[in-house]
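One chain, chain A, links the two complexes that follow: it is found with chain B in the first and with chain C in the second.
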Partner chain A sequence: MQINNSLSPEKKTFASRIRNSFAQLPLLAWLCGVLGAVLLERYLGDPLTELLGLPKIPALFGAVTILKKPQLIPGTVAFLFLIYAVPILVIPRLFGSILNRLVGRLFHLSPAMSVAIHLGLLYLILSLWADVSGYRLLTLKLTLIAIIVTLSLNVINGYMGEFSCSHPGFLALGAYTASVFTLFFFVDDKVFGAAFLPKFLGPFLFPIALILGGIVAAIGAIAIAIPSFRTRGDYLAIISLAFMFIVKSIIENLEFVRGPRGLSSQPNYVDLPTVFIWTVAAVWIINNFVRSTTGKALNAVRDDEMAADAMTVNTRRTKIVAFLFAAFWAGVAGGLFAHVLRYVNPGTFSIQKLAEVLAMVYFGGLNSVYGSIVGAVSLSLLGEALRPLEIFKWIIIPLLLILVMIFRPTGLIAFKDFDVMKLISPKEKS
Partner chain B sequence: MKKSWVLIVSCLVIGLVFSPSAWCKSKTIKIGINAPMTGDIPKVGEGTKFAAQMWLEDVKKAGGLKVGDKTYKVELVIEDNESKAESAVKAATKMIVEDEVLAIVGPQASKQAVPAGAVCNSYRTPMISPWSTNPDTTKGRPFVFRGCFLDPFQGPVLANFITQEFHFSKAAVLYDVASDYPKGLAEFFKEAWEKLHGTGSVVAYESFTTKDTDFSSQLTKIIRSGAEVLFTPQYYNEVALIVQQAHELGWNKPIVGSDSWGSAETVALCGKDCYGLFFSTHYAAAGATGATKTFIDRYKEKYGYVPDDVGALTWDSMRIVQRAIENCGNITGKIEKDRQCVRDALAKIKAFDGITGKMTFTEEGDPLKCAVVVRISDKGEFEFYKSVCP
Partner chain C sequence: MPLLQIKNMSHDFGGLRAVNNYNLEIEPGQIRGLIGPNGAGKTTIFNLVSGIYSPTEGDILLNGKSLVGLKPYQIAAMGLGRTFQNLRLWRHMTVLEHVKMARYSKINYGLLGAFFGTPKRIREEAEIEEKAHSLLKLVGVADLADQIILNLPYGAQRRVEMARALATEPKILFLDEPTAGMNPEELKQMMDIIRRVHRELGLAIFLIEHRLKVVMELCEIIQTLVFGEVIAEGSSEEIQNDPKVIEAYLGKETIL
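Right after this comes the complex of A and B.
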């Protein structure tokens, strides 16, 4: 036909055909594809690296190897292509329609079970992926924690539309509370003396430590919320910034948590399932919160406080609830963070941490759960992958942020609803 | 479809052709360097890197590291810990798991060395921190060592030195309450001083917070307290401010510092105000002899400035690791076994003759070594004044 003389329309239809065929695939198909990739890496990864002359399975998609040893680029690219790209593209194509029907039946049977299966598959993928090396595991844990932090800050900065700088302070409160709890009850150390309770109880009572951390952070948030929510504008930014420094100074001067020297030797309670469950819980609860009436009221307050007030929204209560809610999750994330690193010092929770979290929120996208996840994951992985560049890393990442701010001022995926039911439902044939 | 197949095949062919052959993997020993290349203290990271690279040069010149009757190539894996605890942990994990290093030198500052030490200990990989003075770094961690003396040793050294040298009995302390090193040392100094002169002999114990630049209220209090000497265990940027402001306020008595003064920047920032002051440190650059002098001269020629204590301590740590690998005697290629072997050899090192003094490791992995008291000469050089041994 007219293939030769009209190349561009043909190309367009080809591209859109591909897009269409992939758009019809349900989430389950993609998860199966990634699972295939991860399984392939697990069983064929080692022989393939040997064949390609790579020293080891590339930990973070080869970025670290590539930057340190450019001669390994072809091998790494080939590895990534064979292990990741091929199964992720082929498996969904092959089994897409079968899986689509399966998803449909499952969805009609019980949406809850369908969600559970998706989550189980996701966990399986993550644990298999992280099982390859301890470095991946650590990066993954810290990335999941970053998701909780980013999401909780997005509640304030995105959904509520205020600018809060106090998140490192909440993280610190949560981290220290949870650390003191576990160190006091379950560890024989020289700061708090012998363990108070039998050690085998530790992992079971650990959620209490995290929740306590969250509650303490929320109590701290009251100190900001009460004075600053009487007004609107930049006051919250200033008060919350002050709060961050106050928390840091207080901890530095508290001798019973060893001041600037920090607390170390927290018990090793935070394994991958723990972080995963808490992250899923955080995403689920925060998503429900922002989609609830309070969440909608929060958006109304952001867009026009006077109008919201006129429409019978109790603006002050809404703002305070959202603020304490966000602080709670930041505190939980802080507790997890302290037990992953197994060390906390006040210096960690300063302006640098704030910049990191804010960057994740604004990079990913305001007012969006997707955005927070994308922002947290991409900046965490990018920060880790570019570390061999040393000083240039601190040029590239801010540059990326500037570009995002120019071309998408509200972030990559902003103002998008995270609808779990829509996500897991079968795709319609177009 | 055809196009994509061509792409795939060419990708694979290129991948196979250009990748170094897997069949000629040479035996190399990898040493990890966990250094703050960016962040708060990049100068420390630079000193660490330079000293480590000089060491590598020496090893390469010798054709590799001789263990038993085999010679192994040596490779350095330098990771940036961004001067953050979090990144130090990630860097240590990465080097242990991904690069399979035999031993790690660094991190330098205690806030990174404490958590990184926990990682190294749990992965059973020997780590030696050249510069960390916090007791927690090595405490209860058989795989973690350090290359410098601890604050509980340095505090009494200074208290004794001041007492013997000047016969003073009233001291003042000015320190940063928000930074772990100055705070710890200030406490140890106070304890030692009060042991010598009775409670209340530290007549002023003043603090400030990191990044403060005006110390006049604290200094006025110190001057009014009737103290005869001021002890301030601060870093170079604060030292300059404190000394200059003290002199402006009329303080003309001695000011004594600790090993954190031992940077070339101290004199550059402080100028004449610092001439004639004393501080304790790991080694004295001016008037050094023997191996120390050779090291300083080489470093200066190569990088253009006199190495500060971080460089010297890193150099010693690298050589201690080298000695331990040599003493181990047998590298099997099984990394877990070799790490254990290197650790055991490290713990057995006796009277190692380093450029910062002779050292022997205690059971905790801390070295017993001498401190040097240095006087800043009228030319701004760090002159050897006295050596104090435990």
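Right after this comes the complex of A and C.
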């Protein structure tokens, strides 16, 4: 906002004109634009890389290529422009008004169907994009899981306004519970012996493994919630931090899950549709919760607990329920994580993981589903893209965070309702 | 049976006796007033009844049931609504959300509804919203429903706080200096609102006021509290002419 003020008047009108033309296009038009881009990459990507003298299709928008081989910058930029920028800017413009009418028709017919179509299109885009390389697929899966983790932590640190450090602990509980479940029942391995159940059942019973992971994480959360939310005061930060370290060292000392060496060879159950469906489910359910009056009670407790209490809100119950709910989703995410990497060890769930998740929450924006999505996606991709910089990555990302904290103390997109109906509704001409 | 009955209630803050041997009976539909100089213990009485503090001695009965030891949210759900002397609003929430929130204890859709957006939840949320709109209309801020509370002028914030307290469906409403910091115009409007609320919802009101003019006009019976003790109780005439009250208020411009 401050930045806009400093712009010269004609630039301001130019910027607002652009913003207006963006605002008039429905989400479907943008999805079609991105779909065009990924299709173009799929069919023209290889010939174009040859033409531009690039070794292969840039995996993460060319960041790695640019940082490693500066002489390839012009080629990479040209590639990005032709493959991504052109279709994303042109297709929505060309078909915007037709698509807007279509969206309107759909919306009146059945909003649920419209949501399904949008999600289907989004899935198509992601799967086409990830199809280019195994590295992209892995990055995408981990990014989707990061969305669940970030959003669930936002419930505590954003919506409820407490400061919790226990998320790596919940992730670990979920990851180990789900891993033990699948390894015990469906895998012949050294640790748990022969598979207990027919292997073909595995993928069907995998949701149970994840839900169990979530439940175990939520049970762990009780150990934090009961002492922390008994009285007013800032016990949560300390108790939850202790919890994180305790979980890690317990697992390190548990020989039946191979202590610090970790568990490996989890079955390959988590393909892209699985992560996608679980991420959509998590976002949908968490968003439902935080937008209900029951969930808004978290905001009331955060902004003025005494007033919430006087307005019939059972503040302690509200806090405990939300805390367990968030832990549950972190546990589910942990289970997914373990089965994407197909390896976990206790070292993964330490203070560095905590820093990563906290950064995503505070960078993206407190009290906001959009914010958590933006924070998780941008920091996951940035983390990968800056990998060639090695140690400097750990300077650039914190610097970026500090800048955001200075100019937008609550994060990029904070305190914004995620209204799906508004998102899929047709745009009015202004 | 009186709606609210306070018997021999005392409260100590450390060595300071803030309220001493306080008694009160309020009948359904009555408007009562409580006046007294700064630090007399008026807000403390409100906090004791609404469960923020627990009295050192004495008992509080609402509809014959003791409130001592109950949590504020339980007392509120039993029919005691209140506002605060220094507005206590939720800075990131809209006006409508404020009023909807006060329906918390009346929500029946449970966690299942909160997580999955069941038809029951959609229906109940719509009902709550309608109720909230009608209360906002009653206090005259219906057009501000979607504003963030901090964007409202002070007088409007006070009205929202009133609507929020009414959304808990109180049998008795506690108002802690509802006209504090208001200009004469806002003051007159607030008094109209209090009268309207009393008339239309038929609830009992217990009012703390600094300005005698307001209590004198609104209340049937007034208590005067000084240093935690009631020094006079009666109709506005009786209070006005009571030498002890005059002495307590001597040198204060707030008198009439």
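Observations
To be clear about the criterion, the second predicted complex is superposed on the first by the 414 of 430 C-alpha atoms of A that agree within 3 Å, B and C clash if a C-alpha of one lies under 4 Å from a C-alpha of the other, contacts with A are read in each partner's own complex, and residues count from 1 in each chain.
Keep in mind that, in the parts below, a contact is a pair of C-beta atoms (placed from the backbone, for glycine too) under 8 Å apart; a residue touches a chain by one contact, two chains touch by 3 or more.
These numbers come from a predicted model, not from an experiment.
When both complexes are overlaid on chain A, chain B and chain C end up sitting side by side without clashing.
Working from the superposition on chain A, the chain A vertex angle toward chain B and chain C, CA centres, sits at 130° in steps of 10. Of the two partner chains placed by the overlay, only chain B lies in contact with A:Arg261; chain C stays clear of it.
Of the two partner chains, chain B is the only one that A:Thr139 touches; chain C does not reach it. Contacts of A:Phe415 after superposition: chain C is touched, whereas chain B is not reached. When the shared chain is aligned, chain B comes close enough to touch A:Glu252, but chain C does not.
Greater residue coverage of chain A by touch, when chain B is weighed against chain C, goes to B.
In the superposed model, A:Ser380 makes contact with neither chain B nor chain C.
By the document's definition of touching, neither partner reaches A:Ser179: not chain B, not chain C. Looking at the shared chain after the overlay, A:Leu54 reaches chain B, while chain C stays out of its contact range. Looking at the shared chain after the overlay, A:Met311 reaches chain C, while chain B stays out of its contact range. By the touch criterion stated above, A:Ile391 is placed in contact with chain B alone, chain C being left untouched. Taking every C-alpha of chain B against every C-alpha of chain C after the fit on chain A, the minimum distance is 32 Å. Counting contacts by the rule stated earlier, no residue of chain A appears in both its interface with chain B and its interface with chain C. Put simply, chain B touches chain A in their complex at residues 8, 11-12, 14-22, 37-38, 42, 79-80, 82, 84-87, 89-91, 93-94, 96-98, 100, 110-111, 114-115, 118, 123, 134, 136, 177-180, 183-184, 209.
If you check the complex, the residues on chain C that touch chain A are 50-52, 71-73, 76-77, 82, 84, 88-93, 97, 100-107, 109, 111, 113-117, 121, 125, 128, 164-165, 167-168.
Against chain B, in their complex, chain A makes its touches with residues 50-54, 56, 59, 64, 71-72, 74-75, 77-79, 81-82, 133-135, 138-139, 142, 248-249, 252-253, 259-262, 264-265, 341-343, 345-348, 352, 384, 387-388, 390-391, 393-394. Those residues of chain A lying in contact with chain C across their complex are 285, 288-289, 292-297, 299-300, 303-304, 306-315, 321, 367, 415.
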